[in-house]
Each structure stands twice: as C-alpha cells, then as structure tokens.
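Below you'll find a set of structures to go through.
Same chain, two partners: chain A is paired with chain B first, then with chain C.
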Partner chain A sequence: MYSWRKLREKLFTCLIIALSVLAIAPVLHIILTVFANGFAVIAKAGTSFFTDLPPTPLSKEVGGIAPSIAGTLLMTAISLPIAVTLGLFAAILTAELPSNPLSLAVDAIAKSLASIPTIAVSMIVYTLVVVPMKSFSALAGAVALAVIALPYTYTYFSTALRSVPSVYREAAFAIAMSRWGAVVRVLIPVARKALTTGVLMTVARVMGETAALLFTAGRFRTGVSFSPTAPADAIPLLIFDYILSPYAVWHQVAWGATALLLLAYLMVFLATKLIVKEVRL
Partner chain B sequence: MFAVEMNNVSVYIGDRQILKEVTLRIPYNTVFVIMGPSGSGKTTLLRVINRLIDLVEGARVEGFVKVLNFDALRSDPYELRKYIGMVFQVPNPFPHLTIYENVAVAAKINGVAKSKRELDEVVKWALEKTMLWDEVKDRLYDHPHQLSGGQRQRLCLARALAMKPRLLLLDEPTANIDPVNARKLEEAIVSLKDEVTVVMVTHYPHQAARVADYVAVLYDGRVVEQGPAQQLFLRPSTEIAQKLLRGEI
Partner chain C sequence: MVGTIVFSKRDKLFFLSLLPLSISLLAVLVVSVTTIALHSLDAFQHFGLALFASSIWNPEREVYGLLAPVIGSLTTSAIALLTALILSIPLAITIAEYLQGALKSVVSSIVELMGGMPTIVYAVWASQYLVPFLKQFAMEPLHSALPFIPLFSCKPVTGFSVFAAGVAIGISIVPYVTTLILEAYQSIPVMYREACYGIGATRYESIKILLSLARPAIIAALVLGFARALGETTIAVTTVGNSMYLSSCLFAPGYTVSALIASQFANAYLYQYAETVLYSSILVVVLIAIALSFYGSTTIVRWRLRVVV
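Now for the complex of A and B:
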C-alpha cells in the first residue's frame, strides 16, 4: 500500500516534469532559433547594426536598423507614461470605489478597449491624429500604442491593487490615513512587485506591437529621427515588412532585429526580477 | 462623562440587521470589554465607533453615536480616527515598512512627532508600552515578517499607541497569538487605562475577568447585559450571560 503510494507520487512527479518540458520546448525552440539566426547577422554587421540605415534590397552589406531602434524607443517613451498614468488612476478608482458609476463605466470602457482589433485602433488614430497633422508621426504611433496598452495597464494594476489583503487598507484607515494616503503609502508599496510587472508587460506589449503602427508611424527608414512630429519606424514594423519581402538581405536584417527585440525583453524581465523585491506579507 | 455613548444604534448590511438598537455607555479611562458569541456583532460595534463600517459595502448605520464629543456618524471620519487607535484580530503591520517605520508612520501622520528626535522618542515609548522594545531594539530596521505572530500583534498595538489616541479599540487582539504574548498584551492593556479608554472585544471570559472594568454582553446584535465587571462575573442576571461565562455559547 505504502510503496504503491510512493510509486504514484513518483509517476505524478515524472508526468509533471514531462508536461512542463513539453510546454517549454516550443518556446525554447523559438528563442534559440531567433538567437542563432539573429546573432549571426548582428555579429556579421557589428556595431553598424545599431547605427546604420537598413540596406537596399540588393545590397551585399547587412547595414543596420538605427531608424527602427530610435522609433521604438521614442514611441515607447511617449506611450508608456500615458498608458501607465491613466491605467494606474483608473485602477485606483475602480479598486477604491468599486460601486461608483464612474468606476463601472471606466471598467466597462477599459475592457471593451481590449477587444478592439489593433488594426482598427491604427485606423482610428489615423483619422484623428494623422489626417489633421497631415503627416505620419511618432506621436500618432505613440497614441495608438497608448490606446492599445491602456487596457493592459488597467487590468494589471487593478488586479495588483485588489490583491493587497484588505487588512492593510483597514490598518491604514485606522491610523487616520486618508483614502489617498492609504493608496500612496500602503496599497501601491505593498503591490509594487505586481505593479512593476504590469509596467514591464506593457513595455513588452508596446515594443512588440505592429498593427497599431501600420497607418500611424510612417515607416521612416532613411534617417534617424527623435522628433515626435516626424514620421518614425519601429522594430516590429521593420520585421513585418522585411520578412514578407523577397530579398535575402532584408530577411537577414529581420532575423537580427527579432533577436534584438527578444534580447531587450529578456533584459527588462531580468532587471525587474533583480531590482524589484517582493514585499513579504 | 463618557468616552462613547451609543443610543439605539442599528446597523444593516444590505437587508441583514447586524446590530439591533444598541445602547451603551463607556466611561473614560476604563477597560470596557464586549463579550459575545461569534456573529453577535462585536466587531461591527467597534467599527461603528471609528467609522471603519464605512468601508463595508452596503452598510447603513442608524441611531446616535457620540465618541469623544464627536457626533461620530456625522463627523469627518478621518478627523474622528485621529483620536482612535485600533488593533485587529489578525496582526496587520505594514509589510513594506520596517518595525521602526510601522510605529513612526502613525505618529507622523497624526502630527504627534515633528522632529526625528521626537519621533524616536515616541517609537521607543510605544514599543516600551507594549513590552516589545527589549526584543526589537537591535533590529528596528527589520521588517515585520521577521517577528513572531505575537510580536507582530504587539507591534500593531505600538502603532496604535504612537497616534497618542484617546480611545483604543481592540478586536480580539489575542485570538491568534500564543499565551505568553497574550499575557504581555493584557498587561500592556491594563497599564494603558490611565492614558486611554480601552474598548476590547474578546471571546474569553477569563481574559475579560483579568482586564475588564466594565463588560457588555452582546447576543444576536443586542446588548443583553452590561455593567461593572465584578458584578457581571459574580452575578450575571441573564441566562445568556450565564451561558457565555460557562462557555456554553
């Protein structure tokens, strides 16, 4: 009886390990393939991969993706504060006043935003920003990215704040903290790990978004621009365009760009893991 | 003069009536114990006093509550709470703050201490009052998860005391801690009554007998008996109080 229980335990452990390997294997395969192909290209191009313009279709040189790196950084830098700030305030509102009609409306809007196709967001921002400005721009791209990121930040932050046990909130009120004081001094610090993870996931979402930029950013690849009002490019947009092209050198650039994007994700994840400590309850 | 006066206080949460026309008088500088079986409304009664009942979705309070000369139900709850400390059933020190900060934050928010020196003094005083100072003086900058459950509860009491409250609400403060820490907490409570009025909820008749000056027995949302502790323990006049003291309910 006892040995059968032990055997079952072992079988169960083996099954869990096997299923875990099965689940991780495709992801590992993708990461390794991207790194193997991508880093070969980056190594061949050297530092010019980060500083040069993309190659012409028939070029022998790999060139670089500087305009796309600049555009991704610029649009992330503009869209992230918008999405994080609005998402955080909306999450605080709905966590603190869950039955308030405004909270219910904010919650419904945020959830419906998440279900709008990103290409549709791109078209809407095209009519609202690109047409009046008479130009594609990093700003238009960033607005589209912020709209797409907002439901993510809201959901992550809202879940993070609601996960703080109510006893801490009560303790804050019991020492005469105001509602705002309780949020700033207790709820946010206690949930800091989950909140930071939310920001990080949003960075990943924004950096990897393609469809939102199709009708907004402008695919500017003939120079490096940090102007919000000028057309811009983004790494995923470049990958999308180049991988669909028939040119071998552009395929190589796309591999290099994908590896760079993936590396950026992993570095941000690692940094968050190392820097932000979980609050032990 | 009473620290707390309640007249015909009823509390509803949704359609359910939790407190039924409760009338209570809690004299200043006494330890007033509220006893009663689970679900009799003891915690709700405490939360009416400091208006934490406002946090309960769908809660409605009727009647008149006077707390430290405040018309409690009509006053600004944040202003009211400046004078009322509270310790909860489950120890809940702020996990992101150090031991020192947990106590200091209450003093800072309520303007009890202005300079760093004053703050240090208040923190030391509060930790001494709760008999925690000797145990934590060398690790004031540790976090509360490094303390035992009982020490954490005494830290919560120190946090409440650092506000320099005039009224202290204790919601079954020893329910989740070991007997040694429970005894230390009781000693601290008794020593406090010269400075503060204590309202304590407890399940344990023996504990009530050790610390109480006055006792009220709550049953099914009603105060069925109240009076000086000695009188109530020696000659309980209602059957419910007798059963409660015998541990039958």
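Now for the complex of A and C:
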C-alpha cells in the first residue's frame, strides 16, 4: 500500500513526463507532416521543382521555386559576411577587454537588438534603403537579414571566444605576442570549431527569416536573378505568400518549399552537431 | 582577466583598432530606434492618444485606431506565455532530473533543433494542422462547457483566432524559455540538492525546493519569452485571423500589431498617415520588448550573482 507521499511522487513524475512529451510532440509532428506533404509535391514536380518558375494560381502543374532558391542563396551570401565580420570584431572586443565600459555596453545592446521584432527591422530598412533606392532589392533584403543576424552572431562568437581557457592567452603573451597576434594566431584557431558553429547557426537563422524580407526584398518570381540591386524572392517569403493564398496549387508549392527549407535547416543543424562532437578540448 | 588591469599604450591601440567595427551594434540600435521614433512622431502629433482608444483601420478616410491590435498582441503573448509555462518547466525538469546519457543529449538536441527552426515552418504547420486541431479539441469543448465565461463566449467559426495564435506562438517559444529555465536550474549549486536529500526529501520535494530557489530566474525567463512572443510575425499572421474587431472572446479572429503591419505596410505609402500610424504601433511594441528583455536579462544576472556564488 502506497503512502500519500509515495503516491504523490509517482503522480508528479507521470505529470512531468507527460507534459514534456507534449512539449516535444509538436516538433516531431511538424517534421513528419512537412516532409510527408512536401516530398510528395517535390516528387510530383520532379527536378523541375528546382529549376522552374512558380505556377499561376489556376495552373495544373506544380512548377518550381527557382527564383526563390536563387534569391535565398544570393541574400544569404551577401548578408553572411556582413554579420560575421561585424559580429566577430564586437566579440573580440568584449572577449579581450571584458571590463571595458564599451564591452559592457555592447553586451547589453546585443540583447536589446535581439529583442527588436524582425518586422520592425523590415520597416526600418524599407524606409532607409528601399525608398532611397526607389526599388525593392536583394541588397535591401540582405541588409535586413544582416541586422537581424548580427546580435545572434555576436552572441555565438563571444561565447566561443570566452570559452577559450585563459592559459592559451597567457602563453601567447609569455612568448611576447602582440594582442592582435594573440587573437589571430591563438584565440581564433583554438576557438575555430565553435566559431564555425556560430557561422553555421547564422546561416540557419538568415535563410529561414521571413518577416525581415516582407518589405525589403520584393517578390520577384518571374525569372531567376542574381543581381543585388534588382528585386529578389526568398523561399520563406514564397511560403508565406502561398500558404496564405486560397489556391490549392500554391498551397502545394508552399508545402514543397517548406520541406526544402526544413531539410536545409536540418542539414545545417546536423553539421553544427558534428563539428561540436569532434571538439573536446 | 589578462591585460585589463592596466590599459597600456598597446592595449589602447588594440582597443582603437577594434572600435569602428564593434560599435556597429550600437549604431544599428540607435539608427533603428530613432527611425521608428521619428516616423511615428507624425501619428502622435496628429491623432494623439486617441489612436489607442478605438479599433479602426480605414486609410481611405484616414481614420485609424490601434486598440484591437495592441490588445491582441498582449493577449496572444499572454496565452503564448501560459502555453510556454505549462510546457517549458516540465521539459526543463525532465532534462535536468529524469533523463540520463544518450537520451538526455537527444532530448536536449531536439530542444535546440526546435529553437532554431525557421518560424515560417511553425507557421505553415500551425495554420494547416494546429488550428483545426485546437478548434476541435480545445475551443469547441471549452465553448460548449463554459459559454458563460466571456473569454469562451463565442462559437469558434474558422478556428483562426487570438487563442490559436497564442498557442502556436507559445509552442514556438517553448525551446527558448526551456533553455533559459534549464540554464538557471542547472546552475543552482549542488549543495542545495544535497541538503534536500540530506533532510530526507523525495525527488518531488527537492524539485519543489529547487524550483522555488530558481523562481526569480524562471520569472525572468518567462518575461523574456513574453518579449519574444510580442514581436512574432509570421506565426501571428497565419493563425490570428486578421480581423480589426475587438472582442472579449478568445475564439474570435483578431489582430496583432505585427500581423497588422505585415498585411498593411506594403500599401501604406498610398495614404497620408497609414505609414506613420503603423510606425507608432511598432514603437509601442519595440519599447515594451526592449524594456522587458532588459528587465529579464538583468534579473537573471542578479539572481546568478546571489544564488550561484
């Protein structure tokens, strides 16, 4: 016969485990449904899903999402170096001079910046870049993406650099290296795997961002363009528009594109896991 | 730390060489906030606080009222917070207390995977699966069982509603809140746990004690989750139903500030005041979000200094 205390223990354990399963369940269901729906569409469309233009609303053919793939690649390629460079310099500053007032400020600012809604960034870039340039462009989209990625990139990098044991830094100074020498030849090489993970996580964030592109990238879906100053499309943007539309064929395309995006994200995620697994300092 | 005690000449050079690029974060923040503030000035001058006293979107006649989206944003975030609260604390406890070895790292990886997943994926899933599911298994039962409570008083028609958006956003912030709670929970020094077991506490009792010790950090994590939920756009647009009608019922379609902007900003330049009104609405959200995230992160830091010595 259980005492109340033991029974309560069991009940509590069951409740906690049940709620945890409930918390994990959505992501498993998401992956299952997205892949089931999406790969059916991609299989139906074949390789033309990657090379064709999106269908008209009443078309029978699924078509493809080539403009969106091109746009996502282009904007990721432009925004990544911006976010990585700025984030890295800020991270070096706060990791090397941690008690400097500016470092403390940069830390606090990164947190505030991360809390600005991404749609606000989209509005700001619209006003400051799109309006003066008189057109939507891949460049404007990339600027918005870089602004959104920056605080996250900074946080990944600063965590990576701060995790380097201080003995490495001391050893570098002991052999009369300059501060920059120590950073470039000791700190960064020691932290390279964590830094690479940071870059990959930035890629994951940039390629999946939707709201930042709403008023910046434009929605160029009638051809494949790699020009930074011309309007561009992105996979998340296409999904967003098509899933909100009432047309069945657009819903199908949206599912296919979502599966593609999720697959790309899973691959990047897996890559970060493999890199981290190797590193055992 | 090395080198910070004395600010030598070489250190100064090092500092100066880092300065231009590293203040970019500061510059971005300043430019962002001033742009939003400057562009919302017109709306505040022209409409005053009356802007937040009614719910109307009629750019043709230049009549605006932002009450419904602002209330909608706060309500959806509150529901999201409740969802995250119910799911995150057990998940954090399970990872910290009940799982071990490979299973523990698999579940932590899943939480990490959820945290970085593009919100558009959540949005697609929520609009196609979660909303019908909630309509059938949560909204309709609640409405038929408790129709006298104003929150549940209306019949869910399509399912797209403030309630659905709240739950969907809540699910998307679960990993974020879980990570913060887990970090706090695991940073409690082991001596507290030993003390619990030492006086013969069961696992439940010691978890209860440890949770009460971590309470300020958990509240801060929830505040940060609320701030994040406020700004969520894609999930909100696809699930909230996008209606300017203010209702006390959670099952009626509504609006959030970010959903309003997502659907109206593209055409706002056609009208005299639409753009500045939208800017003023996001100003409110940005200020709340920055204030809350500042409060949340400083609370966690202070708690850590007090508990984790």
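Keep in mind that, in the parts below, the second predicted complex is superposed on the first by the 241 of 281 C-alpha atoms of A that agree within 3 Å, B and C clash if a C-alpha of one lies under 4 Å from a C-alpha of the other, contacts with A are read in each partner's own complex, and residues count from 1 in each chain.
Basically, a contact is a pair of C-beta atoms (placed from the backbone, for glycine too) under 8 Å apart; a residue touches a chain by one contact, two chains touch by 3 or more.
If you're wondering where the values come from, they're calculated on a predicted model, not measured in any experiment.
K.L.:
Now for A:178: first (chain B), second (chain C), both, or neither, which partner does it touch?
P.N.:
both
K.L.:
Among the partners chain B and chain C, which is in contact with a greater number of residues of chain A?
P.N.:
Result: the larger residue contact count on chain A belongs to C.
K.L.:
Just to be sure I read the superposition right, which of the two partners does A:85 touch: chain B = first, chain C = second, or both, or neither?
P.N.:
Once the two structures are laid over each other on A, A:85 reaches chain C alone.
K.L.:
For A:195 in the superposed arrangement: first (chain B), second (chain C), both or neither?
P.N.:
neither
K.L.:
One more residue to check, A:169. First (chain B), second (chain C), both or neither?
P.N.:
A:169 sits against chain B and chain C alike.
K.L.:
A:161 contacts which: chain B (first), chain C (second), both, neither?
P.N.:
neither
K.L.:
In the superposed arrangement, does A:99 touch chain B (first), chain C (second), both or neither?
P.N.:
Touch partners of A:99: chain B and chain C.
K.L.:
Quick one: is A:8 in contact with chain B, with chain C, with both, or with neither? Answer first, second, both or neither.
P.N.:
In the superposed model, A:8 contacts chain C only, not chain B.
K.L.:
Between chain B and chain C, whom does A:253 touch in the aligned arrangement: first, second, both, or neither?
P.N.:
Neither partner.
K.L.:
Mind sorting out which residues of chain A both chain B and chain C touch, each in its own complex?
P.N.:
Chain A residues touching both partners: 98-99, 169-170, 173, 178.
K.L.:
Over in the complex, which chain A residues touch chain C? Could you list them?
P.N.:
Residue positions touching the partner: 5-6, 8-9, 12-13, 15-17, 19-20, 22-24, 26-27, 29-30, 33-34, 85-86, 89-90, 92-94, 96-100, 102, 105-106, 108-121, 123-124, 126-128, 147, 150-151, 154, 166, 169-170, 173, 178-180, 201, 204-205, 207-211, 214-215, 236, 239-240, 243-244, 254-255, 258, 261-262, 265-266, 269, 273.
K.L.:
Taking the touch rule as given, give the residues of chain C at its contact with chain A in the complex, in rising order.
P.N.:
Residue positions touching the partner: 1-4, 10-11, 14-15, 17-19, 21-26, 28-29, 31-32, 35-36, 39, 86-88, 90-91, 93-95, 98, 107, 109-114, 116-125, 127-130, 171, 174, 178, 202-204, 207, 227-228, 230-234, 237-238, 258, 261-262, 265-266, 278-279, 282, 285-286, 289-290, 292-294, 297.
K.L.:
Which of the residues in chain A come into contact with chain B in the complex?
P.N.:
For chain A paired with chain B, touching residues are 98-99, 165, 167-178, 181, 185-186, 189-190, 192, 279-281.
K.L.:
List the residues on chain B that touch chain A in their complex, please.
P.N.:
Listed in rising order, the residues of chain B that touch chain A are 50, 52, 55, 57, 78, 81-82, 84-86, 88, 90, 92-96, 105-106, 109-110, 143, 145, 156, 159-160, 163.
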